[in-house]
Amino acid sequence: MNTFGHLLRVTTFGESHGPAIGCVIDGCPPGIALESADFANDLGRRASGRTRHTSQRHEEDTVEILSGVYEGSTTGTPIALLIRNVDARSRDYARIAEQFRPGHADYTYWRKYGIRDPRGGGRSSARETTMRVAAGVVAKKWLAERHHIQARAFVAQIGERKPARFDWDAVESNPLFWPDNDEVGEIESMLDALRKSGDSLGARIDVIADGVPAGWGEPVYGKLDAELAAALMSINAVKGVEIGAGFDAVAQRGSEHRDAMTPQGFRSNHAGGILGGISSGQRIRCSVAFKPTSSLRLPVESVDIEGNVVEVITTGRHDPCVGLRAPPICEAMMALVLIDQALRHRAQCGDVAPTRPDIPAGVE
Amino acid sequence: MNTFGHLLRVTTFGESHGPAIGCVIDGCPPGIALESADFANDLGRRASGRTRHTSQRHEEDTVEILSGVYEGSTTGTPIALLIRNVDARSRDYARIAEQFRPGHADYTYWRKYGIRDPRGGGRSSARETTMRVAAGVVAKKWLAERHHIQARAFVAQIGERKPARFDWDAVESNPLFWPDNDEVGEIESMLDALRKSGDSLGARIDVIADGVPAGWGEPVYGKLDAELAAALMSINAVKGVEIGAGFDAVAQRGSEHRDAMTPQGFRSNHAGGILGGISSGQRIRCSVAFKPTSSLRLPVESVDIEGNVVEVITTGRHDPCVGLRAPPICEAMMALVLIDQALRHRAQCGDVAPTRPDIPAGVE
Amino acid sequence: MNTFGHLLRVTTFGESHGPAIGCVIDGCPPGIALESADFANDLGRRASGRTRHTSQRHEEDTVEILSGVYEGSTTGTPIALLIRNVDARSRDYARIAEQFRPGHADYTYWRKYGIRDPRGGGRSSARETTMRVAAGVVAKKWLAERHHIQARAFVAQIGERKPARFDWDAVESNPLFWPDNDEVGEIESMLDALRKSGDSLGARIDVIADGVPAGWGEPVYGKLDAELAAALMSINAVKGVEIGAGFDAVAQRGSEHRDAMTPQGFRSNHAGGILGGISSGQRIRCSVAFKPTSSLRLPVESVDIEGNVVEVITTGRHDPCVGLRAPPICEAMMALVLIDQALRHRAQCGDVAPTRPDIPAGVE
Amino acid sequence: MNTFGHLLRVTTFGESHGPAIGCVIDGCPPGIALESADFANDLGRRASGRTRHTSQRHEEDTVEILSGVYEGSTTGTPIALLIRNVDARSRDYARIAEQFRPGHADYTYWRKYGIRDPRGGGRSSARETTMRVAAGVVAKKWLAERHHIQARAFVAQIGERKPARFDWDAVESNPLFWPDNDEVGEIESMLDALRKSGDSLGARIDVIADGVPAGWGEPVYGKLDAELAAALMSINAVKGVEIGAGFDAVAQRGSEHRDAMTPQGFRSNHAGGILGGISSGQRIRCSVAFKPTSSLRLPVESVDIEGNVVEVITTGRHDPCVGLRAPPICEAMMALVLIDQALRHRAQCGDVAPTRPDIPAGVE
């Protein structure tokens, strides 16, 4: 189950401190321009060394394309991508092999498989998300070129802090994906203090897609929102996913929640762009909860593989807020769900003559 | 994509007001005692006629077992279940065929397929969930008999109202799945007023599973939490899913969120019983947001299939709070995810010798 | 694993002498005209009562459409089909419950599931193929309407007997699907003698599809020929499948086998219309070996469920040559593979601009 | 569709003359001892340089394990294998880019994808089968260690030549996988003459598995024989697959074909070890037809990408009989089907108490 998607299928492999990580993208439409350099931007956005507030590991991730591309164009055959692990400091993880870190997958892998690769968290490390981002690059290209769809994400909350203003340009201009540049200094100070204290905070990431046409998504179990929920929940550290109004819908009245329709567009978007599991032509809106990282310098009670009581302390680098590198990952998962649904829709409904009316997106 | 699951696969079919609804359960382990009467309890719990606060349609749902059972026992071949639709008042839905109801799937089905069955919402009706509940009965039986696992759900919030106390016995003794019997009268009055006003409210449902052993779930894309998120999000009207602390994790510190481990058990359960996508042996805890129903007597602006502006009013029966029949559906989806993961775990890891230590569930 | 196909998925259910058999067709394109009467022709062609040479069971199979069709048109939602079993003479099968019939699945089901439904062979009965034929009707309609593709099959050999001449009109005009009407009387005499002797014979069925465009099929594991092989081998009693030259290719020279290409068409068709797993635009040609039925009046040595030596004799009706009802089943499996591959091709390669040259089919 | 299997899933990637070929094996049971050297034997058996009768390309294939193995043992996470292409003489293939080679996938890839990698046949090259063999090594290890199952194959026919005697030891001691060592010299002379003439011949490969317990395989569409048929037909150049008696069953009487059962074992094995799609405990027997290679020094009529008539001649190395390197590939596909079915059987039927009687394999 290391494969994601039905028609555009991404299979990832690799451990945090093994020889390499990589993925195979199968079912990709032919004729997409693709070269190694295409991956640099999003991998850079995700990279842990981007700011001093994310893990200090120096990941010079260069993607090698092993197959599926001929003379700069995808051929329809599997695209294999490879990144060698160069900065794998296995020595940091010697003690971890004997202990279970609370809040991590150490214990559960141990119980499931009877064996685990403890080096850097092995397969359960967030290192795996590098390949989600890489695969997402291909999906984003196709969605943009063929449908003018754009998937974007930003940090909507760190701990209890929410931005006062919203500006897309800010999101891409500061290292925190934060929508208000004026607040960045203040938040950096907060994160510095947090790092100093040895503790961490959670974050909320909002991810949206504009330009998705009405009609994508498959009832009843392959609903667009159900697949987005699975895709986002499968990212390390995620504990919750909302579509549109999300949990706010609990306290809403039906007369408030339902989005009125007019020939000029929808009057609101509590649905988050999805009705009955199918896109409505509105903006797709999701919100994702990331837990605070559990690897802390602060000690915690645990158990070792012999069942003895131990105190676990994580030394070395760690992220005070893992959510800060999540926006490109969320965008990638959004894009991968969308391309897969687009292909499935074309498969089943490619014969359907365009129906009318075509209601504009309206209120985002 | 009307199939759910990988090894225990449920395929449902049927429209709200078509001849019948049904499902095929494939991959079921042989040797489970099963008869028609086994479905009565959970279908009754779900049935819309249970209280006056849910839709007044009189659904005398009797399940016929068409295959897969011989002399009262499952045989390992596909189990087909059938319910005839007897109370399909198609006359109520004549106007609906020409209009799009805001907040419903009318428009999106129309745009996707170029055709839709408007009778009672057709395939997008919550009627489909009857078959999820029926399939869930089989899953629950196996989980209980083989692993002593119990999946249960309750209404944790209606609108802004939360229960003051929690009592499992109350949940099953009042018609609202409400955890505090003393408050039931008050809430019924609230719902009566709501129905009178023609409006509706959302609800939060919590669903839990006790007894799940450590080790179930498949990293990286088939994570137990990712599949629960998809399963629950695929239920009609759901807008959000949380595992464990959910969105509360955003404002938590890492030192608070991570669940300390001791030989006597976990000290807390912010993880919701899942670490790295694999069960930890703790209680599995999910929370689900149901939107308020959009079919209201209150008029709303919309568009017809010619693109003209229209005013939509839903007459006839409707639920002031659809979440009130959701607990058995949530339990069923939880059970279906668990049995599927159990079978997948046995497939891959059936050779693994039991590992130690085995940390008790501890704090729920 | 009672589901066939990736995008157009058919799930069948039902036992030979249970309450009913049926199927769910999921992923069907919307907008295909469909009614109950559409199934009559192919089910009639398959029906065992067609000639006196196939089993005498009187199967008045009327298909009920339970879902997925609205006002005579498919809607894109699952199409459920149901046939009640009316002529289930369970009394014939009392002894069978205690014995294993050699050449049947009795022993293997018993060993796999620990339980089996012995009535009429239960799930392993050829009765299941009724639903393949029914699902094939839908596939054939789409292939014919959308691509002018026709899938046809005939009996190419019974025992050692092969037809002297070939005439498509003959195939559909005699009850044996035999390509030479002049020989039908003689073969009927042969079959009468065979039935009288209590024995049976095998048959070879050839199945072809005309009109398949170049480009369908998915390398490397979803090859068109690989999926045809699986589809045909999954039919009861099949022991071998050939594509094009098949086993004759073993003794061929490369210079003879390879099909020369000209702008006017291929000069031969040893490939059977498939190169590298992808259709070439030529006729698709398969040949299928059906074993002789094992249910005979002639006694055979066997074992009962206690391990005792027994002599098994099958009384009642039986087919002296099961292959004689196989042509419609082979056509259905061919059609189901083709529609599925057509949808998958459209999904991945719907963007591909038509390439040239387009070489005609040429020699069949 | 570059993935094979349901629970033990192998995804291969790579073009003949691209940077590398590789695969990802997902779902592998943990705890299997595995190191790079384990692949050498079977890859060597397959390697084209093994005898002078197969292609002269010098493939020093060394497999690098990129993931999924920790301290010499599989961990249950995806196992990625990589082989760099070192001997890719792209210069040989310049003209091929403009022409379609009859009997090859050139034309069909072109029509499907609108683009193709012509270097050495790209993805459609038999080079891909290297990775099937590598993945098969892992499957074989598990089958042998856990179930004492052995999958073996041999060359049963070259052109019209069949071996006079059968000896397993001979198969592995001569470079032709030929069952009679005394004939090897003669066959080598025949192949030398064939190579000199510029032509090629087909071959028949028999592949068997001993030790498979009764009960593996899934009716109705996931039948063990159906999956073997697909697996073997998916190998390059295969045109036919038989199980047990195969096409000989056409001319058999039922009284001859059905395999009588006794407490001491089956009296014959016309079924090839599979009844109703489920293993019977007998030897699994398949026979596979390989066509003669189409890349010949002898000219053939064809068409170029502009639609012009051209004469195609293949210069450089080629195999006079591609079937001669097929035995390890057939074994690998057999092993991959068996492990996948074994895991699926354990998933669904792991609860089933062992049933009696257990009939020995008897006659092979």
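Descriptive notes on the structure:
Order as written gives the chain letters A, B, C and D; numbering starts at 1 within each chain.
Keep in mind that, in the parts below, contacts are C-beta pairs under 8 Å (C-beta built on N, C-alpha and C of every residue); 3 or more make two chains touch, one makes a residue touch a chain.
In this text the structure is predicted, and so the values were computed from the model without any measurement.
Under the touch definition stated at the top, chain A and chain C share these contacting partners: B, D. Placing every chain at the mean of its C-alpha atoms, the farthest one from chain B is found to be D.
For this pair, chain C with chain D, the centres built from the Cα atoms lie 26 Å apart. Separating the CA-averaged centres of chain B and chain C is a span of 39 Å.
Between the CA-based centres of chain B and chain D the separation comes to 45 Å, rounded to the whole angstrom. Touching of two or more other chains is recorded for residues 1-3, 12, 27, 30-31, 76-77, 112-114, 123, 219, 344, 349, 352 of chain D.
Against chain B, the residues of chain D that register as touching in their complex are 7, 27-31, 76-77, 146, 219, 343-344, 346-352.
The touching residues of chain D, counted against chain C in their complex, run 1-4, 12, 100, 102-105, 107-114, 123-124, 128, 157, 159-160, 199-204, 214-223, 225-234, 236, 238-247, 249-263, 267, 270-272, 274-281, 289-296, 298, 300-303, 305-309, 344-345, 349, 352-353, 355-359.
By the touch rule above, chain D contacts chain A in their complex via residues 1-3, 9, 11-15, 18-22, 24, 26-27, 30-31, 64-68, 70, 73, 75-80, 82, 112-117, 122-123.
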